[in-house]
Structures are given as C-alpha cells and as structure tokens.
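Comments concern the structure below.
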Amino acid sequence: MPARLNVALVGAGLMGSFHAETLAHRLPHARLATIVDADEAKARELIERLELDDTRYESDPAAAFTDPAIQAVVIATPARFHAELIVGAAQGSKPVFCEKPLSHTLAEADRAIEAVAVAGTFLQIGFQRRFDRGFQRARRAVDDGTIGPVHLLRSITRDPAVPRPEGPLPWAIFLETMIHDFDVLRWLANSEPVEVSAMGASIGWGDDPASGLLDTAVCMVRFANGALGTADVSFNGAFGYDVRAEVFGPGGMAAVGDGRDDSAMLYTAAGVTRAHSAWFKQMFGEAYTRELEHFVECARTGSTPAVTGIDGRQSLRMALAAIESSRAGQSTPLPS
Amino acid sequence: MPARLNVALVGAGLMGSFHAETLAHRLPHARLATIVDADEAKARELIERLELDDTRYESDPAAAFTDPAIQAVVIATPARFHAELIVGAAQGSKPVFCEKPLSHTLAEADRAIEAVAVAGTFLQIGFQRRFDRGFQRARRAVDDGTIGPVHLLRSITRDPAVPRPEGPLPWAIFLETMIHDFDVLRWLANSEPVEVSAMGASIGWGDDPASGLLDTAVCMVRFANGALGTADVSFNGAFGYDVRAEVFGPGGMAAVGDGRDDSAMLYTAAGVTRAHSAWFKQMFGEAYTRELEHFVECARTGSTPAVTGIDGRQSLRMALAAIESSRAGQSTPLPS
Amino acid sequence: MPARLNVALVGAGLMGSFHAETLAHRLPHARLATIVDADEAKARELIERLELDDTRYESDPAAAFTDPAIQAVVIATPARFHAELIVGAAQGSKPVFCEKPLSHTLAEADRAIEAVAVAGTFLQIGFQRRFDRGFQRARRAVDDGTIGPVHLLRSITRDPAVPRPEGPLPWAIFLETMIHDFDVLRWLANSEPVEVSAMGASIGWGDDPASGLLDTAVCMVRFANGALGTADVSFNGAFGYDVRAEVFGPGGMAAVGDGRDDSAMLYTAAGVTRAHSAWFKQMFGEAYTRELEHFVECARTGSTPAVTGIDGRQSLRMALAAIESSRAGQSTPLPS
Amino acid sequence: MPARLNVALVGAGLMGSFHAETLAHRLPHARLATIVDADEAKARELIERLELDDTRYESDPAAAFTDPAIQAVVIATPARFHAELIVGAAQGSKPVFCEKPLSHTLAEADRAIEAVAVAGTFLQIGFQRRFDRGFQRARRAVDDGTIGPVHLLRSITRDPAVPRPEGPLPWAIFLETMIHDFDVLRWLANSEPVEVSAMGASIGWGDDPASGLLDTAVCMVRFANGALGTADVSFNGAFGYDVRAEVFGPGGMAAVGDGRDDSAMLYTAAGVTRAHSAWFKQMFGEAYTRELEHFVECARTGSTPAVTGIDGRQSLRMALAAIESSRAGQSTPLPS
C-alpha cells in the first residue's frame, strides 16, 4: 500500500483547481503527480499558485494514462470529454474518479463503464453530497429504520445567479445540475426510479423553453419501492447556494441542508440574521475532501467506491427522462 | 354596525366544534346564536361544554337561514353538503363562511358562487393558512418586491398518521388536503395555474392507486406568470402536523412553517430537541381565529373577504386536474 | 362556582389596559365588572375602546373592595400602591392578583402577605413567564429529572430602548425588571437563594451609578442546593424584547426564549432573517392570558395559585440584596 | 520566505497530537520537523500514526531550541512548563506558539513575555476561539459599529462530563477553562477589565469549595468602557461541548456558538432533533487549523500575531482575580 498515491488530474478549470488543492494539500495519502490540461498556461499557473514543486505538467492525457508511476486519475473536464478519458484511463488500468455527470448520452456512459469493467479497475463519480456529514446522517436515518419505508423525498439545488452564459448547453439544468438531485433522491430512496415527470421554464433568461435553455425546472420521480420525490432547480439564486434534501416515511423525516455559514446570529432592528453559504466550496468543502479521500483509500486498498459508474448512469437516465417529459408534457417511464 | 354579530354554525363536528369555541369565546364582535346539526346530542353536548347559555339548537339549517336574527352563517359540514347549504344561506341573504373545499365538483361550485352573487351577499372559504402570520409575511415578501417575479414555489401538508378510515373518500388527498396547498401556491404565485401534473400512491394503506384511495401524492403546477411549483401530501406523519411553504424568485426566498411548538430547546445526550406541533389547532389556532374575525368584520361592515368563492373554485380546478393527471400519467392543462 | 367571576381591575395604565382586554374578551369565566383608576377619563376611554357595556367605573378602590358583587381583584398600579391595595382587597375578602413587584420594601410585602393570610383569601403575583409554554417546558425538564440536580442557571431581560424616562425610579433595574429574572432563576432552580452579587452601570443614560439610575446590570446568585445563576438586564434593546432563560445540570440543559415572532424566514443577499418579538404583549400575550385564567380558576374553585405572595417577597429580597451588593462591591448573603 | 516552515512541537499529549496532525497534514507552509516529549514512546507512536517519515524525535526541548533548522516552536505541555519553555525557545530566537494559559502566575507570565521581547521574536497564545468564523463575525459586528458601544457580554464553556480527575489542579476551572471566556469577553468588549467577581461550587464532584476543586463557576466582569460581562463554566456537560458568546449594545447583539454538528434535522415522534458537537476537535477543528496557519504565516513573514503574550497575561489576571473573589466573597479590582 503506497504511503502517497500518485494522482494525475485531468482538467485545471474551476472544479479541477479545487480538486488539485485537495489532492496536493489536504490528503496525506495523495500526491498530485501530474496535471493535464490543453491550456498549458492555466495548468502552470495552478502549479505555481499551489506551490507544487514536484508536480509535472502534461498536455496529453495519454501521457498520464500510460505512465506507470501514475496510480490513479481524477477527471474534471467538461462532460463531453468524460467517456473518452475514462476509457483511456481504464486502458491504462488506473482507478478513475470522474466529475458528474458521467456523460450526456447513455452510449458514452455504457462505453465508459464497459472499459472500466474490462480493465478490472473502478470508477467513482463525483456526487459529493453523499459525503456531506448532514446528508450522511439523513441516509443513516433511512438505513437504521428511523424513517421506515420511504414515502416522500425532496432534493433541491439553486445556484447563485450569474449572467446567462454565452452559448449555454441545452438542457444543462437537467444534465448538469438536477443530476445531483437525481442522485440524492435515488440514494435516499434506496430504490430505482420507474417514472419521471418534469416541467421547465426560462423565466429569468427569457429563452424559448423548447431550446432547452432553461433556468428553472421542477421534477417528480416515482421509485420502484413506491416512494415519490420532487426536485427543483434554479439558476437565479439571490442568497447563495441552496442545496437541501428531505426523506420522509412513517417513522419520521430527515431534513438536511441549512446553508448555515457559521454559528453567528446578528440581532438588529432588522430582525435576526445569519449568513448563508455563498457557493459550493463553502458549502461542500469538507465533502469534496472526503470524496477524494475515499477515492484515494479505495485506490490504495483496492476496494470498490461507494459511488460508481452505475450511479452515474442511473442519474443520467433520470435526466434524459426529465428532458423527454418536459418536452412531451407527460411522464416518462424508466423501464428497468 | 352590530356590536355582536349573531352567527349560526352549521356542523358540530371536529372543525365545527373548534369554530364554535372561537365564535363563542374569542371574538368580541360575534355571538354564537345557533348551532345546527342533524345529530342533536352532539350539538347539545357542545353547547353545554362551551357553557353557551343563550345559544339555540336547530336540526334544520333552513331554520337558521330564514331567521332574521341570524346575521351570518358558518358552514363546517362534510364537503358534499357545502353547495346546497351555501345556496340556502345565500337565499336567506346571509354572508357565508364555508370550510374548504368549496365542493367536489365544478358544477356545485358554480351553483354556490352564482347563488351568492344573485343574493348580493358574500362567501369566504376557510383557507386559514392565508391568515397565519408567517404565511402572511411570506406573501408580503412577494407583494413588496423582495422576492421579485416568482420562479419557484413549494407547499406541503403532512397530516399526523391515523388508521386508514373506513370507506375513505376517493381522491380525498387532492380534493380535501392538497387543496390547501393549491390555494397557497396560487396565492403566493399571485397568478393563475395553467398546467398541473401529479403522481399518487398508496404506500402505507396499500390500496389500489386506481381507486383514488391514496395516502401519498406529489404535484407540479405551472402558473401563467411562468412560476413552477411543487406540492406534496402524506397522511402518514409521525412527528405531528407538517405544513410549510416556500416562494423563491430572483430577489430571494421566503420559507414558512417551522412547526415549532414553543420556544424551549432541550439539550441532552440525544442531541438538541424541540417539540413539533401535533395537529391543526396547535399550529393554526391563531389563524383560525383570525379568519373568523375577518369574516365577522366583513359581515359587520359589508366589505368583501380576502378569500372568496372564486379562490375555492380555482383550487378545486387544480385538484380535479391533479386527479386527472395522476390517472393519465400526463400533465393536465387548465385553460383559462 | 360562578359561570363568570366578577373582577375589579385597579389601574388602567399600560398593563392594566392589557389585563382589561384579557378579562373582558379572552376569558369565558371572567367578567370585567369594574375598572378603578384615579384618572376617570383614562378609565372611561378604556371602557369605550373595549366596548364594555356593563363595566362600571369607580374612582375609589374601596368601592370595589367593599362591593359584595365583586369576586376578585386585579391590581395593575405602580408598585408603591400595591401593598395598600392588597390590604384593602384582602380586608374585603377578595382573592387578589397583583402585578410584579409585590412591593419595593420587605415591610410592605410582609404587611400585604399578612393581610391576605388573616383574611383567608389568596394573592397571586404577576410573574407571567411561569405561564409561558416554553418556560413551562423548561421547568418540566427540571421536575421530570431530565436536567438532574441544577448546576447552572441564566435569565435575561432586555427591554426595547426608550428614551430615559423623566425622574426614573432609582434601582428600578433590580426592583422592577430583574425581579422577573430573580423569580425565573428561583423557580427553575427549585431552591432558595443564599447569596447575591451584582454590578450595575448607566452606560447609555450616563447617570451616576450611585444614583441607582442604571440601564445595565448583571447579577450572580447562589442557591441553597448549590446551583449558581446569572442574570443580566438592559434597557437599551435595539431588536425588540429579549427574554430568555437556561437551566443546566448533569442530565442536560433546557433553554427557552427565542424571540421568534412567526415561522417565516426571509432569504436574501443580506442573509437569512427572521422577525424578533418587539415587546411584551407580542412575546407573552398567551402567558398573560394564561396567568389570569389561572387566577380566575383559583378564585372560582378556591384553590391556591401557583405563584403567591411568598414568591413576590423572595424575588424582592433578591432585588434588595442585588442593590446592596452593587453598592458595596461585595456579595450579599440572604440568610434564610 | 521559506516554502515550508520547520516547526518543533513540544508536547505530544491531547492537544499536542492534534496540533501535530495540523502541522503535518493541513498546512502547506509548515513541516513538522521535530517532536519533543519526555515520553519517547508516546512521541514515536504519534510519529508513526501520522506517517511522518522525516520528523525527528527529541527528548530535550533544548535540542530543538538550539537547532538552527528549527524556525518556530509550538508548545502544548501542561501549563506549569510553559514559561520555562517559552524562555528557552525565545533564547533560541524562535517564534513561539503556546497553548493557553500562558502560565499560572503573573511572575512566570512576565518572565516569558520579557524573554520574548528581549529576543525580538514573538509569542502567540492558543486562544483559538478568536479564529472561529462565528466568533470572528461577532467581533466584526463590534468593529464595524453594528453593535455600538458594548453594554453586555457573555461567554460560556461547558466541558463534556468526565469522571473527576485524580489530583486535579486547584482552581483549574478559572486558570485553565474560564481563561478562554475571559479572553473572549475582553476581545469582544474591546476593553480592559477593571473589576471581577466570581462564585464557585463543586456540585457534581462534592469537593470542599475552599480547596479550589470546583466543577461549576460563574463570574461577572466590569470593563473600562463600562461594559458588564458574565461567564459560566461547568465540567458536567451531558450533551457535548457547549461554547457560546454574546455581545450586546445599543445597536443590537451578536450571538455565537450553536454547537450544531451538521445540517441534518431529524423529525420523529420525539420532536425535532439535531446533533450537538461532542468535543473540541469537532467544534473548533477549523479554528485550530486557522490559528496555527496564522502563526506559521506570522513566522514566515515576520509579522505580529493577533493574540500575543499580553493577551495571555490579561486573561490570567482575570482568572487570578476570579479566584480571589470567589474566596473572599467580594469583587476584586483589577488596577490598570
């Protein structure tokens, strides 16, 4: 078992930079050996900012995938590259951590999962909410019988408002964002989805909803065990990052996600006020560390991670069904 | 303007008894003049329990509707009698307060609304959540522009678990319970619904969902102003009565309904615990008083109440659309 | 047992008016028969505002005390009149409810208590916090053994800031305000005080502290059972009325008093905000009703109230000891 | 500026082990070069557990203090060794971080502060609460004028109950524990104490209070700016670690320390429950990291830390005054 696992990171963007920091400075058992990014300047700037004296830069991921010194790969590129990179890393027999979503098509998802299986390695998907201590307490309340059979679920994501991006990805609200909620619902329901129904809107952006350029969406999901869940997503959050979940059954309910930023309360003539988490690093900083710690430990010990490619594929199916439902105005079955 | 309005109450059951107490003892401007109920023993027991020395009993509502001393009527019978009673009271020119739902069919709703219009009196529907101070603060945050254009809404109702009733009303989950949520969504959206989609289940009861004997339901609603809302209902609450709502827009969010029963927190080895409201009198006691106070003031002053028969009819339309949607597996348009 | 107890209210000021409303309109078993106040206009204005058609006005309390139709007396005058009025009411054999503090001197307190004992009637002191449901839950946690032997206590009162009154009562911060906290500490400790130590200041007002014109004070109390408590008071509250208490022991802690005004939370760019109770009617409206309800029931049934003249006297002793301590800079023993 | 500061840690006990982990694995700019402890087995076990391949063990602190490769010293021994070790480290010209309390006597405190001044290095005291984000928000509310002139303060510490230690340090409740609260009060008051009054008890332990073996204590402090503060401490916490503070002025109040362990709430028939922080690593893990990060940055850049030996000395003065006051039954002046 290596004292420090040599990890190659592919992608030095927003998430990649954050993972780089975790791999380099927060995980005693990891070493950020290589950073791969087509944009050399960006990668080198990251290496410098994090003071990574012995981290190499590579422009070509294949260099990392074939490097025998590299023991694991973390992928944090745009989703359209995920499948190809997973296949490459798997062919190099590397354990792979890949950011969500696994891919935008089932064909790609299947190709990636297949390659990993053939190579006999493993694939972990970056559903970090599962590693948040609050979310984990909610899941424990399901596992230990406190909730009883799950009847109702809820998961929400409201991203802080940013100007509408240039050339946004159609249906990103389902494929990139609500995919988190689909994973949470499925994980807390402890069951597979059988039916999805969704509505979308472009209220703030004012795009034609048929274009898939939505900033607001709601969804209902029926699970095989009978549970019903709802999800909603907005890209117009005014008060920070709002991520919550609920799981309800005949024994009670667990609710998670208060957005509390610290323990201070301010009492003034305006009322009693607390701060709210602004964005994902603030809210899930610890969870992101814990998911990579889990990945590193799985890679070092050869165990299977708690969130696999199958989880990535199932949440993708739910997202694709939600797109279809919101287009067709009817619920979409998810045959098993 | 009469110092005390003479009110006749029709129905001495669960809600009727509670309204009786409010009319008799909590409203300085009301006098509970008459109680009407086919079950004389029940009515007389209520009169005795509340020590109502000068309250009359009548078995026939017509006696109250035609009594010139009666200045207003409060109806708290099962919903199937509502329309007929409203028509009767209206023909006697009495202002009418009627418990929700207005009725179970649009035909009955229209007949009641028409009769009230013809008589030139008014009809208030018992959507008491609108009179809760927390819900009112949420609505003010819409009205004063804090929220901005409404993007997302949520309303939930989870009743405390009781044994499945004998011979339950089919689709009661939408017609009798989620009707509250429909009213809240519509009131907070400040817009009319254009599309409803629902899913129902009978998880705890184990009935055939096609029978309409559901104990669990979720719903999505699209409003004319673009807002999307969700609702969920359960009849299997373990921790009391759970009623909440949220309204979210680009300016922020108002969330209401913490179920807090008093201001005490208990810190023990089991964690930090507070009590949760057990049932509706506990949670909405003040709101029930305020809605009847509003009704009495409207009747005394001749003004129009804040919740009218139209509100009752619109929430009924949403409930009927939800039933249709949950049967058909597709969303139901609500043409204006 | 009379259906409605005929009550005479002495004092039509701030508290008196509020008690008048409760007696007249919120208690089915009470009738506000007489209002006594030297200021006839004020009393008649109150009678009119509350639409009290059959309430008499008297300028002389003796008229009420000797009126055989009066069955109980509620005193809400300035404290310097309390003892004399209690003696008068007792001599008329009336059960007496008297606002806190019982008096400003032990001699007066003893005279009042003695007169009540001689008359064989009873005296209830207006420590309404004991009737708040949250405070009662805290006390139950002591009574049922959850807390265990009490080790630490806290009680605080911060009044909303008002301009410094003209000619304020010296030491009012202890005699009129912290007297509430002394009662709460003693009630939650379930033990008698043996030592008091206090510090006072006039920070906002800028008076000479030796004058007793304090706007800020803190206090420590040791109880016979070993428990230690603190209290603090300010007259410069910016965010409303802040009243809280804690009781801590080896089994855990109960904390009470969140100042929550309703169940709404507002999420905006400024954070997450809730409203805070502005003043005493808002925070303790229900408790004030419940204490008078308790008084009326005791008077109707001949039972002894939960808060008696002895409680009034003990909190006065603590206040007097706190004054002495804050003058002398040393703790003041309270011999039993 | 060294990329990684070589730090020697003196003391491998409870706090020392935790600081070791932080220095070794959480601070990119620190290297835990040496661990000093008289107990070699304990130190080596720590080195092994943390997988510190290039950390040396020394039995004699002088070896570290005179080692030119060592660039800073962290002291986490029992307090009676602090002064001597600080003097030694200062004579080696090392910046020193020392756990609270600085010492148990003013003479030792002065000797340590003097030695550091003579050596031209610096001394940081381990008052980690100042580095907690909630506490910092409270202090910002003082600094930015939100609170206004400080009128009232509160700080509390309740340690989780453990069996009474064998041969406990007399007056430890003030010298070792309430010293945290004294620092917090002084820091939030932004003023120096002028008068202290305290009461102590041994309720759970049952020791003679005169022995100083107290498990419960309360204290009042008057500050030069007029503010009054209270503190309380217990060693009998049933629900975890309870650390809170409040600062109140005419502009409002900041309250900090909710003990919230994660964002999950569990709703069951028993009420609504959340978990409470069990102990100091859980509650202040991030603050401990941030105080050492601050120390390392000060040592790397030559700047003065935010918490110095003077802060350690002032809180010690308050503790000593509290001991004297609790013995004498009168308040103790703290002449400037």
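Note that the chains are named A, B, C and D in the order they appear, and that numbering of residues resets to 1 at the start of each chain.
Keep this in mind: contacts are C-beta pairs under 8 Å (C-beta built on N, C-alpha and C of every residue); 3 or more make two chains touch, one makes a residue touch a chain.
Not measured: the values here are computed from a predicted model.
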item: Copies subunit A and subunit D touch via same or different residues, half shared test; value: same
item: Taking each chain's C-alpha mean as its centre, the one farthest from subunit B; value: D
item: Distance from the mean Cα position of subunit D to that of subunit B, given in whole angstrom; value: 56
item: Whole-Å gap between the CA centroids of subunit C and subunit D; value: 41
item: Sites on subunit A at which at least two other chains make contact; value: 238-239, 242, 251-253, 259, 266-269, 275
item: Partner subunit B, residues of subunit A touching it in the complex; value: 148-149, 151-152, 154, 158, 161, 195, 197-201, 203-204, 215-220, 222, 226-230, 232, 234, 236, 238-239, 242, 248-253, 329-331
item: Residue ranges of subunit B touching subunit C (in the complex, touch as defined); value: 3, 24-26, 28, 50-51, 53, 132-135, 137-138, 141, 146, 251-269, 275
item: In the complex, subunit D residues that touch subunit B; value: 238-239, 242, 259, 266-276
